[in-house]
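Consider the two complexes below, in which chain A is the common component and chain B and chain C are the respective partners.
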Partner chain A sequence: MLLVLGIAGGLTLVFGGFLDMSPNRLASGIALTAFSLSPTACAAIAAPLAAFILLAFVSNEKARSIATLLAAALLLYACLATAGLLAKHLASPDKPALRLSLGSAFWIPLACALFAFLDAMQRLQFGLVARVGFFALLCLPFAFMAYVGFFDALSLAKEFENHQAVFVQALVDHVLLVVLSLAIALLVAIPIIFAVRQKSGLQNLVYASLGVIQAVPSIALFGLLIAPLSALVLHVPALAQFGIGGTGRTPAIIALVLYALLPLVRNGVTGLDAVSPDVRDAAKGLGFTAGERALKVDLPLALPALLSGMRVVTVQAIGLAAVAALIGAGGLGTFVFQGIGQYALNLVLVGAIPIILLALGTDLGFQLLLSVARGQA
Partner chain B sequence: MIEVDSVSKTFGALKAIDGLSLKVEDGTFCTLVGPSGCGKSTLLRMINAMIAPDTGRISLRGADIATLPPDQLRRGIGYVIQSVGLFPHWTVADNILTVPRLLRWPKEKCAKRLDEIVALTEVDPAWLSRYPRQLSGGQQQRIGVARALAGDPDIILMDEPFSALDPPSRASLQAAMRRIHAQSKKTIIFVTHDIDEALKLGTQIVLLNKGRIAQTGTPQEILARPKDEFVETFIGGTAPRLRLLDFEPVSTRMRPETNVQAPPIFADASLKDALNLMLSESCAMLAVQDRDGRRVGTLTVADLIEAPHGS
Partner chain C sequence: MEAEAQSPGARAAHWPFFLLLTVFLAAVFLMPSTAPLFHWLFPDLLRPVYTRASFFELTVAHCELVFASTAVAAFIGIGTALYVTRQSGKEFLPLVSALAAIGQTFPPVAVLALAIPLLGYGAAPTLVALVLYSTLPILEATIAGLYAVPGSARDAALGLGFSPAGLLWRIELPLAAPFIFAGLRNATIINIGTATIGSSVGALSLGSPILEGLSASNPAYVIEGAIVVSLLAVVVDRAFETLEQALN
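On to the complex of A and B.
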């Protein structure tokens, strides 16, 4: 694992471009390798990568994992510092249109550092809290560097700055889209879950029809919803007052809900199936009403399974919501599609990086919730 | 009073309960005993409306249970299910307080009740904050009993509540149940497949076979006059004649002579204790005393075999 990371990182460092320089935002640029830019910086990045390769031959697992954590932290900050310093060095006030984008020799070693972190933490059996704490510690200097303008010369930062006002709105829209559709999906899924459990014949039908929806590509589903919704609004104009229409948020939310149903229902049913019949019998025999049984026994006992379903669904919805920008639902996907349209890759990243971070953060949050829920059951 | 009136229940082709009628007076400790699959659990679960009878009716405290809301009915009946079924997501204390909380008792009353129940069922207070999976099977069973008693019901249904307990724990819980019964005069229906346990605890024994009552009566009646071959074989293993000695005090069999010297025994001791003393002292005669130590008579081996004339 470490060997592969070290070699892959090393190769891209040598042959890949670290910074892409282009005269303006849209023109394609020339790739500059790290070595051609600054041999010292190149060495700073290469050293931890070489350490990875050497560490692969250390047999003491604990020592190796701790050393890997250190090397990965060094690699991460070597990449970040080099990127910031070199960009500052290359930028000049008389060429304001000059664009400096990060190339593969930046991203691949960065990814190598992340993989090394995850692997080492796994081997050291870091608990969830330790993981979160470690990442927070790791991100702190980065946040400070970003705050004081260390990365300002990079065009990624420039794009971000240019879109700062809309960015916050897009982020809020994105989160809102996900949260809203998730809440609706839950409200729809819970009755389906109970219905499926009541009538076992229903299970196959429900799974099959929800499975078909899952198989429809997201872009197609968004598109498919436009026509019926437009027709609906045409016939019932009152709906338009509530912001319902063929494009925009409504079809996006409907599509996200439809995608969320199968994992939610499946996990809910599995969770309820796992509640022991003895426990249900005892609850009934002691005089719980049907509602009390569902709320105080079934729900808490099925919660871990339901939460892991929500984890999958939420992370999936964060990604899918990006696609929803295509039908005018707003959100971070807007930057991605604008960027693609203008061939401005840095603008794509302005949308993509927060989406990835959002997904990772949500995943971590659900893991925390799950460990709490499991600890109780 | 619990009244079961010509009740039948069929599962598929199997008649689990077959035209069964039974009366259990208030304050009775009724033990339901019979071989595996004879319908004990089914009968018990019909009393708290967990299973609806196909035909016949069951009334509790004079009211037909089919006319009562089942949830409220069950809150007033303590129930220990055969497979324990503690709530895995609640602590032991929360499990015990299930019914008081369903009944919305105030907090202080719940806390007070918890202390009482813990003392009554000899639950180790250290378990209270644990989760059921952290207890052994026998410990869980004890909590199951505590949970059934917590709501202070006047009727308690227990389905093989002590089956997973080791002999000392079982004996201590049996004693606790007898104590609870004697003090509170609750009506208890206690299912077991262990005839020994049934005879030890019950004031009324109901022997079931294939969904019908083979015989019902006091332990003495069952032991002294088994109605048919089934009952005879079922109680056979318990040495019924020896068992009967348990229920009779020395005073009913002693003869009035007071001049013979012999090891002493109290007049209110059981005949079984007397026989045991004779065996351990290697003698055929005992000097009977009352509780003040006054000599009141004599008991011989022959009196154990046949009651003396004129006594």
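On to the complex of A and C.
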């Protein structure tokens, strides 16, 4: 395992470009290997990779895993430090248009470090909290380095700086889009869940029709909503005062809600079905009213299932909201598609990396919530 | 569910599939003759029907992307799952299952975007992104399926003198098949959707009219592309469903 990571990382370090240098934002650059830039820096990255290879032959699993965590942390920061320092070294004030992008010899060893972390933590059987804590600890120095401007010479940082004001707005828009549609979806899903449980004949119909929507590609669903909504707003101009429009947020939110319904309804129904009738009878015997039973018995017991439905839906919505940038709904996807259109790949990353982090963070958050809910249930 | 499969109603459940298929084919081939309809809906548009490529060509290009990527993903996904569940690959199992779970939280658009710096524009990054992303559900489903094989079935086969290869081919894979099939279905549907967005990086697909329509403010193009690709996705999904029922 470690052998493979060490060798893969080593090969890209030797043959891959660490930094791509181009005279301006749009021209294609030349790849510079780490060794040609600075042999010392190259050695700093190579050392932890070599440690991986050596560690592969240590037989004590616990000792090896702990050592792997250390070596991977070294590798991570060797890559980051080298990237920042070399970029600073290459950049000069008289060539402000010069762009320095990170190449495969940066990304692949970085990925090797992350894989090694994952593997070692799995072997050490870290719990969820320990994992989150470890990664938070690991990111702290990076956050500090970014804050003091250590990476400023890299064009990824430049691109970010150029779009900083818009970035915050895009991030807020993105989160709002997801949160709003999730809230609406929950409000719509709850009556459907109860209806389906009342009349079992409804279940197949509801699942089948919501299932069809799941198969429709996101951009197609957005597109299909535009024309009817535009026509609606044209005929009922009052709607426009509430911010409802044919393009933009309205079709995006409607589509996100439609996609969210099936997982929410299905998990809600499964969760409620799993509540045993004995428990309900006992609650009835204790004199709980129907409303109390729903709130104090059904909801807590069905919560884990509902939460795992929300986890799927939210993570999915974060990705779908990125596509919604194509219909003018704003959000982080704007940078991705702008970057694609302008062939500005670092701008693509300014959008794509936060989207991925948002999805990963949300997933982790829901996992934590789920473990709490399961502990209480 | 099982009781239903026997009833005559189940056979009638197939008709929506053939109906859908007919509607889909009609949409693909009759799109050029819908010009009067779209002209009536959007009188301001000079070109009410997308003509840069025929919808048949677009559908073929779309299906090629999806089929090629899903086939490669199935090969890699099932192969990797088999390897990590054997004695020799056990070492990689924790990492591979963790990666499969984490990787699926990556939005498909982000994977597509990350493939551009490596591969440039066109069909290549789309194909690679589709393969990368759809490998994960297949991989995860196959591992789950192989784990769901009861130990007793395995022991019985070994007791009967099955070789490891015989055990795999005749016991484990057939028992895991429903899981693998569900993974394939999931992967194919995701790929149909992501291939649509692939036209934003220059791949020819049914997303091309949608994206061109959005950037050129031609709502007719958007609707035409969206209808055909939605029908394609729904038809393929139904086909998987019908096959799944036939297999069970």
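By definition in this document, the second predicted complex is superposed on the first by the 377 of 377 C-alpha atoms of A that agree within 3 Å, B and C clash if a C-alpha of one lies under 4 Å from a C-alpha of the other, contacts with A are read in each partner's own complex, and residues count from 1 in each chain.
Following the convention adopted for this analysis, a contact is a pair of C-beta atoms (placed from the backbone, for glycine too) under 8 Å apart; a residue touches a chain by one contact, two chains touch by 3 or more.
Just so we're clear, the structure is a prediction, and the values are computed from it rather than from any experiment.
Enquirer: Touching A:Ala282 in the superposition: chain B (first), chain C (second), both, neither?
Expert: Once the two structures are laid over each other on A, A:Ala282 reaches chain B alone.
Enquirer: Counting touched residues of chain A, say whether chain B or chain C comes out ahead.
Expert: With both complexes superposed on chain A, more residues of chain A are touched by C.
Enquirer: Using the superposition on chain A described above, determine whether A:Pro96 touches chain B (first), chain C (second), both, or neither.
Expert: neither
Enquirer: Regarding the shared-chain residue A:Ser230, is it in contact with chain B (first), chain C (second), both, or neither?
Expert: In the superposed model, A:Ser230 contacts chain C only, not chain B.
Enquirer: Based on the superposed arrangement, let me know which partner A:Ile327 touches: chain B (first), chain C (second), both, or neither?
Expert: Only chain C is touched by A:Ile327; chain B is not.
Enquirer: Applying the touch criterion given at the start, work out whether A:Val297 contacts chain B, chain C, both or neither, answering first, second, both or neither.
Expert: A:Val297 contacts chain B only, not chain C.
Enquirer: Which partner does A:Pro191 reach: the first (chain B), the second (chain C), both, or neither?
Expert: neither
Enquirer: Can you list the residues on chain A that touch chain B in the complex?
Expert: 276, 278-289, 292, 297, 300-301, 376-377
Enquirer: Please give the residue numbers of chain B that touch chain A in the complex, ascending.
Expert: 45, 48, 50, 71-76, 79, 81, 83-89, 98-99, 102, 147-148
Enquirer: Under the definition above, what is the set of chain A residues touching chain C in their complex?
Expert: 1, 101, 104, 115, 118-119, 122-123, 211-212, 214-221, 223-224, 226-227, 230, 315, 318-320, 322-323, 326-327, 333, 336-337, 339-340, 343, 345, 348-349, 351-352, 355-356, 359-360, 363
Enquirer: Sort out for me which residues of chain C touch chain A in the complex.
Expert: On the chain C side, the touching residues are 41, 91-92, 94-95, 98-99, 102, 105-110, 113-114, 116-118, 121, 189, 192-193, 196-197, 200-201, 207, 210-211, 213-214, 219, 222-223, 225-227, 229-230, 233-234, 236-237.
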